[in-house]
Amino acid sequence: MMPLNLHEYEAAARERLTPTAYDYFAGGAGDEVTLRANRASFDRLALRPRVLVDVSRRSMKCDVLGADAAMPILVAPMAFQRLAHADGELAVARAAGAAHTVMVLSSLATTPMEEVVVAARPSRVWFQLYVFKDRGATRALVRRAELAGCTALVVTVDAPFLGRRERDVRNRFSLPDGVHISNLAGFGKDELPREAEGSGLAAYFEKQLDVAFTWKDLAWLRETTRLPVVVKGVLRADDARDAVAAGCQGIVVSNHGGRQLDGAVAAIDALPEVVAAVGGKVQVYLDGGIRRGTDVLKALALGANATLLGRPVLWGLAADGEDGAKRAIDLLAAELDLAMALCGCRSLAEIRRDLVVRAP
Amino acid sequence: MMPLNLHEYEAAARERLTPTAYDYFAGGAGDEVTLRANRASFDRLALRPRVLVDVSRRSMKCDVLGADAAMPILVAPMAFQRLAHADGELAVARAAGAAHTVMVLSSLATTPMEEVVVAARPSRVWFQLYVFKDRGATRALVRRAELAGCTALVVTVDAPFLGRRERDVRNRFSLPDGVHISNLAGFGKDELPREAEGSGLAAYFEKQLDVAFTWKDLAWLRETTRLPVVVKGVLRADDARDAVAAGCQGIVVSNHGGRQLDGAVAAIDALPEVVAAVGGKVQVYLDGGIRRGTDVLKALALGANATLLGRPVLWGLAADGEDGAKRAIDLLAAELDLAMALCGCRSLAEIRRDLVVRAP
Amino acid sequence: MMPLNLHEYEAAARERLTPTAYDYFAGGAGDEVTLRANRASFDRLALRPRVLVDVSRRSMKCDVLGADAAMPILVAPMAFQRLAHADGELAVARAAGAAHTVMVLSSLATTPMEEVVVAARPSRVWFQLYVFKDRGATRALVRRAELAGCTALVVTVDAPFLGRRERDVRNRFSLPDGVHISNLAGFGKDELPREAEGSGLAAYFEKQLDVAFTWKDLAWLRETTRLPVVVKGVLRADDARDAVAAGCQGIVVSNHGGRQLDGAVAAIDALPEVVAAVGGKVQVYLDGGIRRGTDVLKALALGANATLLGRPVLWGLAADGEDGAKRAIDLLAAELDLAMALCGCRSLAEIRRDLVVRAP
Amino acid sequence: MMPLNLHEYEAAARERLTPTAYDYFAGGAGDEVTLRANRASFDRLALRPRVLVDVSRRSMKCDVLGADAAMPILVAPMAFQRLAHADGELAVARAAGAAHTVMVLSSLATTPMEEVVVAARPSRVWFQLYVFKDRGATRALVRRAELAGCTALVVTVDAPFLGRRERDVRNRFSLPDGVHISNLAGFGKDELPREAEGSGLAAYFEKQLDVAFTWKDLAWLRETTRLPVVVKGVLRADDARDAVAAGCQGIVVSNHGGRQLDGAVAAIDALPEVVAAVGGKVQVYLDGGIRRGTDVLKALALGANATLLGRPVLWGLAADGEDGAKRAIDLLAAELDLAMALCGCRSLAEIRRDLVVRAP
């Protein structure tokens, strides 16, 4: 039966995926308190719809970093998409392209970025960057992203180490034969260790990632590239102000989908302080727990410029390849469109703070 | 076994109804968060009863739009009542008539309105209006309601599009043979599409309803008719003030029983701001989640002039036709009468704001 | 296995009682929201124990209406105790006597009050009074209570009508052969109707009780008797002030164990405003939801002079007659004694407001 | 399968322990409300991690009473460790020694303290003291602890009587043959009564412990010894100030793991007022509900100098002897290290109050 919403896509995907792959995508860190909080906090917000507005013409058009997207729903960076489906990142890129929205491509993609950029056309691809200990490799990766036509760098800042994802530790998570971290092959960083006692990805992070990276180094990165830089993983006003001061053009409020620090504040709960702190100087996006069009609406009402959709895209991908990924995005977009109409909002500009109230 | 309360009527009805009809009546939009919130928010309010009042004489008599009703419990507009029982709207009208309370008849009734008005005597019938793209049809419908003897128009303002009711999408909800939208037959609008991929009702709304209807158009509607106009579906103070400014005589605080915008604020939680905003200039009613006499009492204490009872009337109808519908209304009225007695309230005027407190 | 706490006594009792009797004692009105709230509200209060106090000598001695009780735990008035055990009120009276605490005897007792007063020695018996339409009968009942040696009147003010206790309606609750409302035999009021469609007790109340009784009539009652008058069923500051003005010597903050108005505020939540309102002019007791010694402690910390223990005494009675009733009281008293010791309170006077805080 | 976290160690331990031993270690007093609250209150606190800090060098080094510990996680005093494993306190001491952290040895240990002190090297052992009615025995015990090389006294102040632990009452908890309260053998206090009707430990407490012990007596104790004195079991600001005034060097905020006064405030909820009250004059530790590294982090953010880990050490001990105990400590330390890294905290000094916020 065709899934009617993103929850049903997860159920459909679970039937197709190996338990290890499902756990990798679905799981969170520790007791998964933050994973659940990301969802529960959306449900604690209630909407106050306006009525009797002429909603015959509506637009979800969205400015992201100065360019148009068809909707305030970008595809979040997610690693190892070929674990979900043989077509992996190419299928997701085509889905994002068809939806006219941005795909954020993970450093840990299993497909060469040049192919992804082509597949995503006419949509743009942003490149998510993990900063490696090997600065040369980092620099080369950025350079390659520029040449490939990526239009922004999304630097993940909440993962100097990998979160303790116990499902992956138990499953001794690694990559099956034939699936590689494609864009790091040139640096001998394209395999996850299989001999690790626990999660191969955790071992990879510990060996490869630069845990000494600071705001000062971010300035170096900004000089290295002509691309706009977005930092992903900010949950506090002071860090948000530091990001602005460091010259970033965007901030993703995110707890990494509950996969890094268990107990971290829910993304939607952290959003207002970040929005207030940046005062409109840079764009603010939200990532974590988006499952319904009304979740997007709530995030926008609280000041986000756009949201990032993560796991559900992979559930669509796993369930039905490119079509599934596309349909997952379309379902959410249709829900948002309907929710806007029912709230009397004809454009993102009409989504105001007073649309949302804390449920008692 | 004879149902003792409205919950038991739902259980009895469920046994009689087809799954598709039960789902249509029982369901809400999306994750049904608002459907549940409508109930849960009543339970978060506690009553502070007064004692040692002479309650030997009590009255629930209620002024609605300048006329008397025997109780502050009106029958909410609900579509397709012949799906619940062959006697449909006629049975409900007779039940409302016997209870001396107002029946609000849906635009999507499956019985000609003239017959319903006769059946409801001596009670009055208010006509719930959906505004169609076809203004001629809309005007004719209003005119017909006037001629039939309806005494007010209740204009639904929260449904430019139908909410995403996933049960109906899954069931491909439509009307069975022999059940028609009786009062729209003259305009070729008496059938729900059956070929629709999802909900036939959603397709019908998308094709027929006027999504461009605004407060300005409401002024046009008011000039079109000599009947008082009530707007149904207001959840905010600003919209309530707009309704007063537009010359409406009443407002139904409602989220359409959780069937339109999932995530919308619970009706009882939105009531106080609407009551405060209108400052007594027009009547305010509440709709959504009423299952116990104490729910009615809480709504009145928070400032409602009356409440509308929806699904439970249909559960009574499905379970036992006119008798069931009547008994459902009577059960609730008896509960309200007892609750008033136990709170020391002999009339609606003695139900005051301080009767209710938020439970800790 | 010997019950270790009052919860276990309920389980033991349930095995012994007929379902109808168990339902009568255990049930509440409506959806039993208030029944549950009485318990849940205790759990929302946390204790802040003091340490390093010499607690080698402790006393729970309590002044109630100017006389001593061994503990701030009185036996609440409960009807029809012979439904729980053949020894009924006599067993409970002996248990209260042995515990050196007050028994409040119900108007609806199934044993002559003179026998109960003797059985309770050396403890005192207070007589709970329902005010009957038949003022002569009411006056005679009061006179008989005085002659029998009862030392106070506890006038129930929250029951002009019986609450809608749906378990009893379903069970068509009435009294079995051989069980009578003993003290009303002289007035032909000693039987519950059996022909009633629903609860025989509800029918009895409707026929017999005076729904017109007011504070003014309470003044009449006070003149009728030389006994101190306590009103039971007050949940608001204004009613509490009225009780003081009417010359009452005590107030029982109570929602009748959740058996009258479902949705009424939890007893412990209503206590502080009543305590504040009476300002020490009369005694304040609490009734509803007491199951643990710490519940008594919390009530005292919030200003109650004593508490009334209801259903658990009957669970003890049903499980093991007089011994069970005694042991239920003793268990609670031992829990209170231990809780006081662990909180550094050597006497009731040392139980202060700051011992309790709302749990987050 | 090797446990991955402390929850899994509990499951593993439960399979190895007799039900009576498991109940003794796992259970709490009364309805175990406080036992659950200790955990639930941690989950109500959310973390606000800082990003882009160079976390390549981190230290959990901790000053406790002027000496170094490798981590802010001490081993809480727990009785009867030989019930968990034949190696009992020796295994735990070796585990604490290997982890370079303090072990707090219970007065009710089942191993001579001299052996424990040796086994714990190079770590220090603090001696937990119950004050006995027999002051001579108490003094001798303190003297022996000094001679054995214990470096602090931890005086338990929340247990003049044992809490009502109903599991133990039901199980008639006592010690099996061959397990003794080793350090009290010289005073004939090394056995729990087996003839007790309920808990043998409760009977032991009632017979042996000094319920008259006050702050004044604590001054006597301080003069008796040259060791620093820590009081364990304080939950209020006033008691904390009394502890400072009495010359204590440390305070353990604790409700005895929910084993004494059920309904007592959760330890983590009581922490802030104690920290504020002592104003840095003495050290403050927290005990109760620690199961995750983030729990330790939250306690430190709220002002604790260190935490005490209780039951999980015994779960490790029961599951796998010294290795299990060691691994339980190591798992928690690794979680704390990771949590600090993900929060941008390189040392305990960088863990600040604003790291924690109440979750909505």
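Labels A, B, C and D are assigned to the chains in the order they are written; within every chain, residues are numbered from 1.
In the analysis below, a contact is a pair of C-beta atoms (placed from the backbone, for glycine too) under 8 Å apart; a residue touches a chain by one contact, two chains touch by 3 or more.
From a predicted model like this one, the values you see are computed outputs, not experimental measurements.
Under half of the residue numbers at the interface between copies chain A and chain B are found on both sides, making the touching surfaces mostly different.
Distance between chain A and chain D, defined via averaged C-alpha coordinates, is recorded as 42 Å.
Centres computed as Cα averages put chain A at a distance of 60 Å from chain C. If the chains shown are joined wherever they touch, the resulting network closes on itself as one ring, and no chain has more or fewer than two partners.
The touching residues of chain A, when paired with chain D in their complex, are 30-31, 33, 37, 41, 44, 157-161, 163-164, 166, 169-170, 211-215, 217-218, 231, 233-236, 238-239, 242, 260-266, 269-270, 358.
Across the interface of their complex, chain B is touched by residues 1, 4-5, 7, 43, 45-56, 292, 294, 298, 335, 338-339, 341-343, 357, 359-360 of chain A.
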